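Below is one structure, written out as structure tokens; comments come after it.
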Amino acid sequence: MSEQEIAERIAKFPGADVEVLRKGQIAVKVPAEKGHDAAAYLKKMGFAHLVAVEYVDWIKENEFELVYNLFSYKMKMRAFLKVRIPRDKPEYITFMDLWPIAMTHEREAHEMMGIVFRKNPNLTPFILEDWKNLPPMRKDFDSRKYVKDKYDSIPFAEGGEQ
Amino acid sequence: MKEVDLFFGPQHPGITGNFSVRVKIDGDTVVKAQAIPGFLHRGFEKLMEMRHWMQGPPLICRICVPDADHSETGYSMAVERLAGIEVPERGKYIRALTLEMSRLSAYLFYFAGYGGSIGLYTIAQWAIGDRDYLLDLYEELTGARVYHIFNFPGGPRWDTPEGFEDRVDKVMDYLEKRLKEYDKLYFNNMVFLKRSQDVAVMKKSYAEKMEVTGPNARATGWAIDVRKDDPYAAYPDLDFELITQDEGDSYARVMQRRLEFQQSIDLVRQITKKLRSMPRGNVRLIPNALHWKIPRGEAYAAVESSKGELGYYVVSDGGISPYRMQVRGPSISHGVQVYEEMIVGQRLADVAALMFSLDVCPPDIDR
Amino acid sequence: MVDDEKIVSEDMGVQVEKNENMEMRSFGTVKRWATKRSLWMVHYCTGCGGIELAPLMTSRYDMERFGMHPMVTPRQSDVLLITGYVNIKTLKRIIRTYEQMPDPKYVIAFGSCPINGGPYWDSYATINHLDKYIPIDLYIAGCMPRPQSIVRAFEDLMDMIQDGTADGYMRYKKYYEPYKANQEKIFRKWW
Amino acid sequence: MIAEILVLIFMPVFVSFMGLLFMGIQRKITARVQNRIGPPFYQQFIDVMKLFSKRENIGHNWVFDIGPIFAIVGMLTTMLFIPMGGFRLLSMDGDLIVVMYLLVISGLGMALGAGASGNPNAGIGVMRGLTLMMAYEMPFVISVLAVMVYYHTTSLAEIVGMQSGMWALIILPLSALVADMALQAQFGKKPFDQPIAPAEVATGPIVEYGGKYLGMLMVAHSIGMFVEAGLFIDIFLGGGLLFHQPGIIWQVFNFLFWVLLVFALYTLAVLVNAIMPRYRIDQAFVFYWKWPTIIAIIGLAYALGVSVW
Amino acid sequence: MLEFLNPMLRPEWMISLLFIGALLTYFAGKVSSALRTTFAIIFSVFVAFLVFLSGSRDVLTYWRPSASPMGFRFVLSINALSWFFALMISMVSALTIVYSAGFGKNTEKDNAFYGLNLLLMGAMLGVVFSGDMLSFFIFWEIMTLASYLLTTLAGKRAEKGALNYMIISTAGAYSILIGMTMIYTRFGTLEFSGLASVMGGADPMFLLITLSMLGIGFAVKAALAPFYVWAPPAYSEAPDSFTPVFSGALSKLGPYGFTLFMYGIVGLPALAKMGTFRGISDFGYIIALLGSITAVIATLYAIAQDDIKKLLAYSSISQLGYVMMGIGIGTSIGVAGGLYHALNHAIFKTTLFMGAGVLIYTTGSRKLSDMGGLGTKMPITFLTMLIAIFALAGIPMTGGFGSKWLLYEAAIDKKFVLIAPLAFIASVGAFLYSFRILQSAFLGQLPERLKGAKDPSPLITIPMLFFAGLLVLFGIAPGIPLGIIASVESYLGIPALNVSTYSVYLGANFGAYNAFTVMTVITLALLVALALFFIAKKSRKVGQTDTYMAGEVPEHHVDLYLHYSMNFYRPLERIFAPYLRNRLERLYDAFGSGYELISEGIRRIYTGDVQHYVYYVMVFLAVMILAGWWWL
């Protein structure tokens, strides 16, 4: 099956905005409220594997984009299911019921981007420890400034040049 | 509850790298496990947003230390896809050569790790010692032992030196010879069989459910491999069949690597044969390294690293550096959730052994 | 938990030993020779440099020739190798491991990252100057340092031990307060 | 009398010296198996010296201190009750059973100290050690019993004396085989080093021991090597008596031969150690209670048959 | 100096004193608890002292021989054998009463507790002092009843165990009764001295049957396989301050019965007539084999216990198996080993149960996994229990080694290739379970809630220290107890053991054990080790949570638990679980539940408290016996 045929099949899902990116990669944009249904639809279609959950901070649009990176071993095809959620209220529903492994990916997205996934029971600190600042992957978190303020300002314990 | 807390890691010989698993044990049976990653977190994804496109490989190769070439190549491929660059034929072969050599050295590390975790230090010494021959080749080819920074967007940095293929073949012969000795010492060792057979069985359905990839998935009988499913570099032209095991236990996982080790040797030989017959010189398309703008869009590229599918999702807003880059480390599935679930009910003695047999690479979880 | 607090503040405080000089004169030479010829490292891969320790232990470089080999727990060890960049989460464990080691103890910082941050100089997750938090006896520059340079570093450390200049553990006691203050700025107090 | 006392004083010193030397040589041998050069043969002395000269030793409480002290006490005491080559030492004042019980002091004391460190790894290590002890004692006791039944004595000196014609190894080969299997676990070598498995329990009982504590344990271990191997030699290899003429020269030769046998036994264990992974503890237990025990029972039946009928 | 006590050094005095004391104590308790406790201590310690003093004498007492009804004569006597056991019993009982006074509880039950304890002590002394089978049996029954009642004092929880105990004991008692009747119908006398002269001539078949019948009764008390099922629940559920007596003293009456009848009355030559196996009687061999099997099975059970008292209960069964093994073997070495082990067991098991009581009192739990790290908080308890455990494990610094050594020597001497390995493996198992106590209770991490734990009052620690001291003394000088045992052996007509104060020597080509040399060498080695230890730098002490946790910081983890004690020997348990599925217990349970139904029915009819009934009956019996002696 070619990319076009698959894209047409996906496009049958109401509200789906399908785009063939390149060989073997299809992007599917759906409104946030339909994300879960679309994922279920894609899973049924054959995109049975959740490779990763990617998250992008589109600060200019004031939106977070969640990219569910799906793969079909049968069709040898990747589908990027994209949903956008508002930056002010970063909340979304978990996809754990479809793919249990989504728990770990969402845990990471929660920590790095501050997105809360409803019904995910395990949004505990994952990689960072005692992190009190803005979630680090957000565009408005300035790593260089943070380093300068936090680490570079510390004096050498035994004295000496900064 | 009186289940005892035991910490495996971060400072523990029973752990791969800098990682921690807190297990609760009842007697010597694990009843609960909690993987604690993050000790190697460097924020690559953030750092990449502050680097140029071409500054990627020097940084990104540090994601998984024993298997650095796959990290570079994955990133390079994602950028190539985004920019629409095609690597020259010879470049593809050299890329595949480095990848397979990287796989070999990672598998040697794997043999050493699993051997060490069940107490066979001799195999650890042998395997790491033999790995040095591969590192020598790398040094000759790239100038570095560990972080080669060799595979850039557009192709490898330079062509192979004169006579390199012969030296590679020599090392392959040596490794093949050594593999027979490994068989005697290790893979046919009675105690090794006892320790690994029927331990921590991963069923195929479970592997599919939890998105386990790479050799771990193939050891359950699930024939998946990015090299076949989403071919890259020179792999479409190379002749190899996927190897699978059916049992899915620790033994199958180790034997999977052992068989793939042999396969990789064969692949390297195929590549060197081809490289000899190819005209030298054209290995790379060189874009403007310092001010290379890549059109808006996003791309994903995955490579089959020694641990499983290592993927890069790169987003560009048309600027000189990535707008967003995200890594899908292979260990994110089998290192955290799968490990936590699989270790429950196993013996304390197998906590480390399972960690090594799954080949968890902590930095690709932490990034 | 309460005990720990007491112990650390009582015993880790400023307590440079009085008979330091006497020891140097009498048994010192032999003791220091023994110490330098039997440096046991903590088995701790804090960063990517851990990968080069494996070749170091095996046939080509074989550090056991110099009596060095990895030990499991800090109590048994003499040398703490900081192999590479130091994440703040790891830094805490490094400090705890370091404090659990008995004197004399030596710290070797490995690669360019602990010196000034290396390629991660602008990363929010790694610290840039390790010697702000624990005393370092020796740095090995490079990324990654080749095994030869590590061997060289150990030889240098041995020389430093022999002439008594590897005094990190004493400096840690002397500047205990500032070190602790610096550590406290990075993460919440646990000691 | 004075000569005897001198021997009694000399032996512990000599044995701990030789033990450390042997351990150094064995590290070298292991290194050769692993394609390495290995440490110098005197490395073990440097290590012990360093450990004793540590500027700081970290302990937990007084029970914790008991561990290494008892380890040395148990091993020293046991050693003096074992005939060593031509030297009988105190073996007339305690027989094989006394020795086998004295041998326990060391381990039990160590277990006490380890437990007092409050580290769960130590507790698990001790559990593994005791389980392993129960495992290997079964075949070991049966095979030693075969010797005791065959010679109808429990006195070590007597057993050694009665083997002047022919070693028990030749008369009771099955028992000797089993006892050597048990020796592997007594030495704490793979595949039976579960108590101190680094990747599993982080060296188990000695997890908290460093500095002088570890130094004392190393000394105790070096003596223990002689005790365990010496016991085997006395029971199965005729106490290493090569020459049966009286005279101090021959006695010294006998003693040297005995030391050589210890070295050979230890080397055998080390070579097996180098090429074996370790069992899980329950596998080790089942291993010992299965075939070695059956072989030992056959050996015992043979010994009984020969001696009674 | 103590001559004025001489008239009282008679068994009837001692027993009467205790029985009177029992009554006095019980009623004094109605007035004042302090008075009651004082009474109890005075009576018991005084009698124990009397027993100790009477050791030098060989007293044989007859009571009203002519006027007794039906021609029975009640005979009480002190001889080497009975004195040896009486000393053990009185020592354990008296010091346990002192020990229980240390807990200072004041409940109505305590009156019964002290009264019954004295009564039990009297009954036990009665058993060992009895010179005829009738009084032996009567005292035996009083003893059983008293101990049953004492067990039920622990409340509801103990009822089932106590009932089990009672039922099996009753069955055993019937068995004894049958044996007794058979002997009486055959010979027309029940006096031991008379029987001793005639039993030897009886035909082997008759001897086998009577000895077996009696043996079943004794085996029940000695908790020999397959009769041990009552012991673990009864020992473990009995009140904490009674278990020491139960396990330490009362259980020794089984071995006493065997020794008395096998060697004191029937005698070695007659036993040999029943058939021999390598020089010892078949009967003895079977007993020895059963003993060693008991030792192994109970050890395996003990390893798997988390309940400290249950662990010790199984350990008691196992150690009694050793005792029976020695007595069964019946050679000079064997009997000496058996009796010595009985003595040792009385001492160390009493200490251990006392220590267990202290631990339970301190921690409020019987589960080993609830304790931890108490070694530095309760050093005296720790040290005494440590010594007792060393004795239990047979470490050659304590008395426990000597007896085990003798037992092995006895087995090896006779080339018993079945018994010797079993005994040895059970002893290795003893290391395992005894270390479990140490590790779980005294070592490891101290739980937060036990931060305030400290050693108990001197009343409790002094008996424990006394026993621990005895164990060490025996460890240095095994000749002291073995000398007494040698005299017992010569009384029984068994060749006496060749002992000097410090060493045991078994014969030209056999082993030797010089405790003094061992102790000297250990001391010297200790000096060497201490020198090594103190030459090096003094160590800095760190807190218990400053321990290797793979670099992790404990404060970062909630509900951290670092004391490894639950399911301590899980790998072993996993291996043995299929083989130890309590098959025997289930059989008995089926039997017992039927019986329970019937007794429940009977209880309904009488509607009173069974305990009281039995207590009154017993007092009545005791009064009758006393009256019978003094006035009939």
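Here the chain labels run A, B, C, D and E in written order, and each chain numbers its own residues starting at 1.
The criterion applied here is as follows: a residue touches a chain if its C-beta (ideal position, glycine included) is under 8 Å from a C-beta of that chain, and two chains touch if they have at least 3 such contacts.
For clarity, every value in this text was computed on a predicted model and none was experimentally measured.
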Worksheet entry | Path length in steps (a step moves to a chain that is touched) from chain B to chain E | 1
Response to the item:
Greatest number of touching C-beta pairs links chains D-E
Worksheet item: Which chain's mean C-alpha position is nearest the mean C-alpha position of the whole protein set?
Response: D
Discussion item. By mean C-alpha position, what chain is farthest away from chain D?
Written reply: A
Practice prompt. Report the chain whose mean Cα position is at the greatest distance from that of chain B.
Written response: E
Discussion item. Quick check: how many Å separate the C-alpha centres of chain B and chain C?
Written reply: 30
Worksheet item: In whole angstrom, what separates the CA-based centres of chain A and chain E?
Response: 71
Fill in: Distance between the centres, which are taken as Cα means, of chain D and chain A, whole angstrom
60
Fill in: Inter-centroid spacing, chain B versus chain A (mean Cα positions, whole Å)
24
Practice prompt. Give me the residues of chain E that touch two or more other chains.
Written response: 540-542, 544-545, 548-552, 556, 562-565, 568-569, 571
Practice prompt. Give me the residues of chain B that touch two or more other chains.
Written response: 4-5, 10-13, 28, 38, 41, 43, 46-47, 50, 125, 129, 347, 366
Worksheet, complete the sentence: Touching two or more other chains in chain A are residues 128-129, 136, 141, 143-144
Worksheet item: Which chains touch which?
Response: A-B, A-C, B-C, B-D, B-E, C-D, C-E, D-E
Fill in: chain D residues within the chain C interface of the complex
27, 31, 34-40, 43, 46-47, 49-50, 53-58, 198, 202-203, 206-211, 214
Item to complete: Would you tell me which residues of chain C are touching chain E in their complex?
Response: 1-4, 6-8, 11, 44, 73-75, 92-94, 96-97, 100, 190
Worksheet, complete the sentence: Listed in rising order, the residues of chain E that touch chain D in the complex are 278, 373, 375-376, 382, 386, 390, 393-397, 401, 404-405, 408-409, 412-413, 415, 417, 420-421, 424-425, 428-429, 431-432, 435, 438-439, 442-446, 503, 509-514, 517-518, 521-522, 525-526, 528-530, 532-533, 535-542, 544-545, 547-550, 562-565, 568-569, 571-572, 574-575
Worksheet item: What does chain A use to touch chain C in their complex?
Response: 128-130, 133, 136, 141, 143-144, 146-147, 150-152, 154-158
Practice prompt. Note which residues of chain B are touching chain E in the complex, please.
Written response: 1-5, 7-12, 15, 20, 22, 26-29, 347
